[in-house]
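Before anything else, here is the set of structures, which you'll find just below.
What follows is a pair of complexes built around subunit A, which joins subunit B in one and subunit C in the other.
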Partner chain A sequence: MARILTYEEKDTWIHRLSGVTKLVFFLLWTMTSMLSYDTRVLLAMMLGSLVIYKMSKTEWKQVGTVLKFILFFLVINLIAIFLFSPYEGVGIYGTRSDLFHLFGNYWVTKEQLFYELNVMMKYVTIVPAVFMFVVTTNPSEFAASLNRIGISYNIGYSVAIALRYIPDVQDDFSKIRNAQEARGIEMSGKASFSSRIKNTAAIIFPLIFTSMDRIDVVSNAMELRGFGKHKKRTWYMGKKLKRADYVTLAVTVLLSALFLFITFHDGDRFYNPFV
Partner chain B sequence: MTPIIEFKDYTFKYRAQKEPTLRDINLSIYPGEKVLIVGPSGSGKSTIAHCINGLVPFSFAGESSGTLKVKGENPAKLGIFGMSKIAGTVLQDTNGQFIGLTVAEDIAFALENDMVPQEEMIDRVSQVADVVEVKTLLGHAPWELSGGQKQRVSMAGVMVDDVEILLFDEPLANLDPATGKRAIDLIDKISRNKKTTILIIEHRLEDALYRDVDRIVVVGEGRIVADEKPDRLLVGNVLKEQGIREPLYVTALKHAGCELTEESRPQHIETMRLEPYKELMQRWFQTVSYRKEKKEEKCVLSVKDLYFSYVEGNPVLQHIHFDIRKGEMVSIVGKNGAGKSTLAGIICGFMKPVRGSILLNGEDISEQSIKERGEKIGLVMQSPGQMISKPMIYEEVALGLAVRGVPEEEIKERVYRTLKICGLYPFRNWPVSALSYGQKKRVTIASILVMDPEIIILDEPTAGQDYRHYTEIMEFLKEINEKYGITILMITHDMHLMLEYTERAIVISDGHLLADDTPAKVLTDETIADKAYLKKTSLYDLAVKCGIGSPTEFVERFIHYESVHDEQKTGEGRARHGEDTDL
Partner chain C sequence: MEAKLKFGVKEVVAVGIGSALFVALTQVQIPLGIPNTALQPRAALLAFLSAVFGPVVGAAVGLIGHALGDMFFYGSAWWSWVFPEAIFAIVVGAFANKYGVKEGAFGKKEIILFNVMQVIGNAVAWILAAPILDILIYKEPAQKVFVQGVGAWLGNVLIIAVLGTLLTVGYAKVGAKSSSLMKED
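Right, the complex of A and B next:
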């Protein structure tokens, strides 16, 4: 079974951190990089992200497929920005330095290229942070982390339950699909697109019914063992915050504050090299 | 001593039902007792457990009269949460009950909800994991565990609360025979070491009686029809009247005309005193006629030197080879995860073997698609819910023909013909949802049968079914096998099924073909039974203890005798459930 974007146990300082710390880092880091268009800040954050990614000892096979997918979208996104708004950069930076003419109304400008470079840097900052968070945080601990930062444990636990039962539902799905295919309901490329859509119903309905039966059992089982009895609950897999966590949190908060300050201190979130 | 569970004139009616499910129940269970509750599906035995753990009336609403006290409290007042401190429930679906992402978290679930501090939790989890022998598995995810291991985790998950009562809802339903034996043994240990009161709800009486129980309560149509010590119950006829299968050795003794007495202690064949019956048994063995008719039909399916693996170097199936002759009824047996379902999957074309071939009527089908194979080899999944995708019976049965572009007129004719064979013709315009479980199972079989397959493969056709439904499903399969010559392969771990209904058993163990022989031989051979996680049939022990020279022969004759008396058996069954013309 392909294990894409799943937690893998490794011994690095990042793995040892509590899920809460990583969640807070991930949220602040992403937010800051989304707000800022200051190229110097983005550059610093991008390097930071890459260093952290390296330190988490994440391997290509864990994230490769997803990364390719994201890169594909990045390229699409950059092209789309240019097609829909070729002078976005000109508008932002207030100057226009044409490089060469493409076709019709489309001129490639330095400002546009610089703007799109910033967009790309945001991707390169956020993506490793996402990967790091997903592959170094034990899913069991994730629910505990959500709960710790003030989100109701009901929500945290529904995430955990989803993670728990996804493999079961996948298993049901392939069983049902096989059995229906044997009855002649073609799901492979041989069937026409419209009949494939129609045939999906033959798999989806049994899947929904089996899943509903499952939900019944699960909710009874949870209730029989006291889920929802109190306003709070404790977590077997919750990690206590240690010194490293406090240090990381402090550094994260300070850096984010600093970056946001640099970004906004002149009243403009763009860094402008053209004036 | 005051009872820990006490029903007094207790009647309960589900809101959605007209008639009460439980009527005038009077039952006292004392602390430390181990009680087995048996009864056919729909008799109300599970409802009794639901009343104790509070699911009735909180999850399943309804009205009750009379009183129920559990440890002096009324579950209807205390609620599910309150009851969970007193009575722990292990559900039948142990995979569904597994909530945590790992074993340790699942065991800790109740403690987490009780806000127990982490350090204490870790201690308590490790202690209880020790009791049920899953300590080495604490970090494992559910899909890395076998059915038996999951069940033990479920037990730990309720025992971690120090409950005084443990309720087991059909603990044997999803386990292979050897694992089931181990489960019963573990329950027995817990009962003796922790003095926990234990209630086991189960219809597989013989397997549940692998270890002593104090009492057996028989429930029939919402009433308690017997509440007796096992030895006493087994000598009488209550079980048979209620459609519960007696242990096979007891049936054999009764067939031979032995007047069983309580003093002979029939609870376990190992310790039963058989001297008074020896002679009768030997005489019966001689008189039961048995002649083996050998059909020499041509071979429809042959599997040749099959290898399969998901990951290279880690074979799931190795060197599997067998021939199936036309019109045979064959069982494929072996422990959970031995590769039985994989084998069926390969035959149907869901997976490609690494090596080896499959011949259908002498023709290699390796190149045929799933759909092409599906026209000759039909697969019926374990639960009807996994197959039924149309709201109406007619449409569901017609589906396979409709997608193949068979003309409307022909579809109609073939569907009607199939529905008649399956006894579903009167319901042809009904919605599927109006049918009982057994009828839905028939609809799924009909939807395969309509395509005129040569072979039908059934995955666990009788799993979780009580004796009556089991008999109905199996008699139906036998009928289509005998009348229409359809070859039937069944994946099962029900040893009764394999003994009674199949001529041959293909035993798979750890990916190897361990045996291909008559079920009677397989189930009287200790080495095979052990390796394949089967259980030696108690008939074997009976034969040996009665000094019958050939136990295998004895088993074969017994089965033959039973099948001759089948007509009577099913006839009785139908008469008894007169108004409920289920199947």
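Right, the complex of A and C next:
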């Protein structure tokens, strides 16, 4: 259970930014790259993402395994798109220029390659932004930022509890698995399908039931301390917005607006180099 | 009995720890033998939590758990697959009062209702909402996303029918609190 992105304390200007700024950046950045299919915009965003990633001094060992995993899925996805719809690009760009014949009804066209390049860029653009957000934002501060952008502090607290208890739940999980394996449960691919379901149940049932107890314990403790009595609460980990935050926020909002304008000004999300 | 719509201390914690479980279970998958497809026990967890705590907690766990799980394990946020998770939880959780899990009344009739709702909820979420969002947001080929959606639907229905049902039955027996007294004949 090691392959997970986690926060690491460092001293860069990105780490010093308030969680609110990074949250707004993260949301606007993923939404813009979701909406845009304009190759020029995606290219600019990809370069921007990489620059930010470099500046956050994120190391390979922090994100390497996750990145390999993502690339693997990306390749599968691109192949699946081609197999299911080899002429999707032709439909989008309105022209057809064949490159070479593969088999049966499958021709490789320039339009399809270009479309799939765009799909790839869309995914690749988001990744450094997410990495940056996850590894540079202190989880406790994240909850404070959610509250700051107008989300009820109850939800903010739920998120804080989730982040706080993920490692605990993972610990419980490995303990239960070790115990069950010691009792002879087979978890590898050697077991048959139905016994694999049974064995998974043998691990996750105790895990879920102990967690249900934990919900009672934690909520009783919070109730005793008067959680939820007032409409507002203050945050120990909240950072005040500084000048760097305002500048970053302004740049983020302006860039997103510009990117979306470039994408939509001709009434089409796609940039078409074929006509 | 109160309609399970309020959001008090217990619900805040249930969403928090429920989401933590959902994230931790993201990596627990039961491979089917076909590449890139696996049964996801976390779907059973979400159905169970929705049945116990109702639609609001379920939807919040779906949103927070799926978004955080995607971010931590896959370095991205697939919004088109995050929102359907909430839709599913709302459909299953809408009848939380009828299942009576906490009262220990989760019997044959309730099991059937729970499974009918999970089949409908999964269909709305993965055959309808997710592919449509994929097409609208990501402009992926329609045929591909609907095949993926039907695959996810089948997998989730199967795992919830087995693990989700057993989990809820087990919890109703163990965790039954308010009516654990039985009348002797």
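Convention: the second predicted complex is superposed on the first by the 259 of 275 C-alpha atoms of A that agree within 3 Å, B and C clash if a C-alpha of one lies under 4 Å from a C-alpha of the other, contacts with A are read in each partner's own complex, and residues count from 1 in each chain.
Simple rule for what comes next: a contact is a pair of C-beta atoms (placed from the backbone, for glycine too) under 8 Å apart; a residue touches a chain by one contact, two chains touch by 3 or more.
These figures come from a predicted structure and were not determined experimentally.
Kindly classify A:253 by the partners it touches after superposition: subunit B alone (first), subunit C alone (second), both, or neither?
After superposition on chain A, A:253 lies in contact with neither partner.
Between subunit B (first) and subunit C (second), which, if any, makes contact with A:66: first, second, both or neither?
The answer is second: A:66 touches subunit C but not subunit B.
A:236 contacts which: subunit B (first), subunit C (second), both, neither?
After superposition on chain A, A:236 lies in contact with subunit B alone.
Could you look at A:182 and tell me whether it touches subunit B, subunit C, both or neither (first, second, both, neither)?
After superposing on A, A:182 lies in contact with subunit B but is clear of subunit C.
Once chain A of both complexes is superposed, is A:222 in touch with subunit B (first), subunit C (second), both, or neither?
In the superposition, A:222 contacts both subunit B and subunit C.
Contacts for A:130 in the overlay, against subunit B (first) and subunit C (second): which applies, first, second, both or neither?
Second partner only, subunit C.
Tell me the contact category for A:119 with respect to subunit B and subunit C: first, second, both or neither.
It touches subunit C, and subunit B stays clear.
As a test of reading the superposition: which chain, subunit B or subunit C, is in touch with more residues of subunit A?
Here the partner covering more residues of subunit A is C.
One more residue to check, A:197. First (subunit B), second (subunit C), both or neither?
second
Touching A:205, do we find subunit B (first), subunit C (second), both, or neither?
A:205 contacts both subunit B and subunit C.
Share the list of subunit A residues that count as touching for subunit B in one structure and for subunit C in the other.
160-161, 163-164, 168, 201, 203, 205, 209, 214, 218, 222-223, 227-228
Write out the stretch or stretches of subunit A touching subunit C in their complex.
For this pair, the touching residues of subunit A are 1, 3-6, 30, 34-35, 37, 63, 66-67, 69-70, 73, 76, 80-81, 83-85, 88, 92, 119, 122-123, 126-127, 130-131, 133-134, 154-155, 157-166, 168-170, 173, 189, 193, 196-197, 200-201, 203-205, 207-209, 211-212, 214-215, 218-219, 222-223, 227-228, 269.
Can you list the residues on subunit C that touch subunit A in the complex?
Subunit C residues touching subunit A: 7-21, 23-25, 27-28, 30-33, 36, 39, 41, 44-45, 48, 60, 64-65, 68, 71-77, 79, 137-144, 147-148, 159, 162-163, 166-167, 170-171, 174-175.
Which residues of subunit A touch subunit B once you look at their complex with the stated criterion?
Counting only subunit A, the residues touching subunit B are 139-140, 160-161, 163-164, 167-168, 172, 175-176, 178-186, 188, 190, 199, 201-203, 205-206, 209-210, 213-214, 217-218, 220-230, 232-238, 240.
Which subunit B residues qualify as touching subunit A in the complex?
53, 55, 58-59, 80-81, 84, 88-89, 91, 93, 95-102, 104-105, 108-118, 121-122, 125, 142-143, 157-158, 161, 345, 348-350, 369-371, 373-375, 377-379, 381, 383, 385-389, 399-400, 403-404, 447-448, 451
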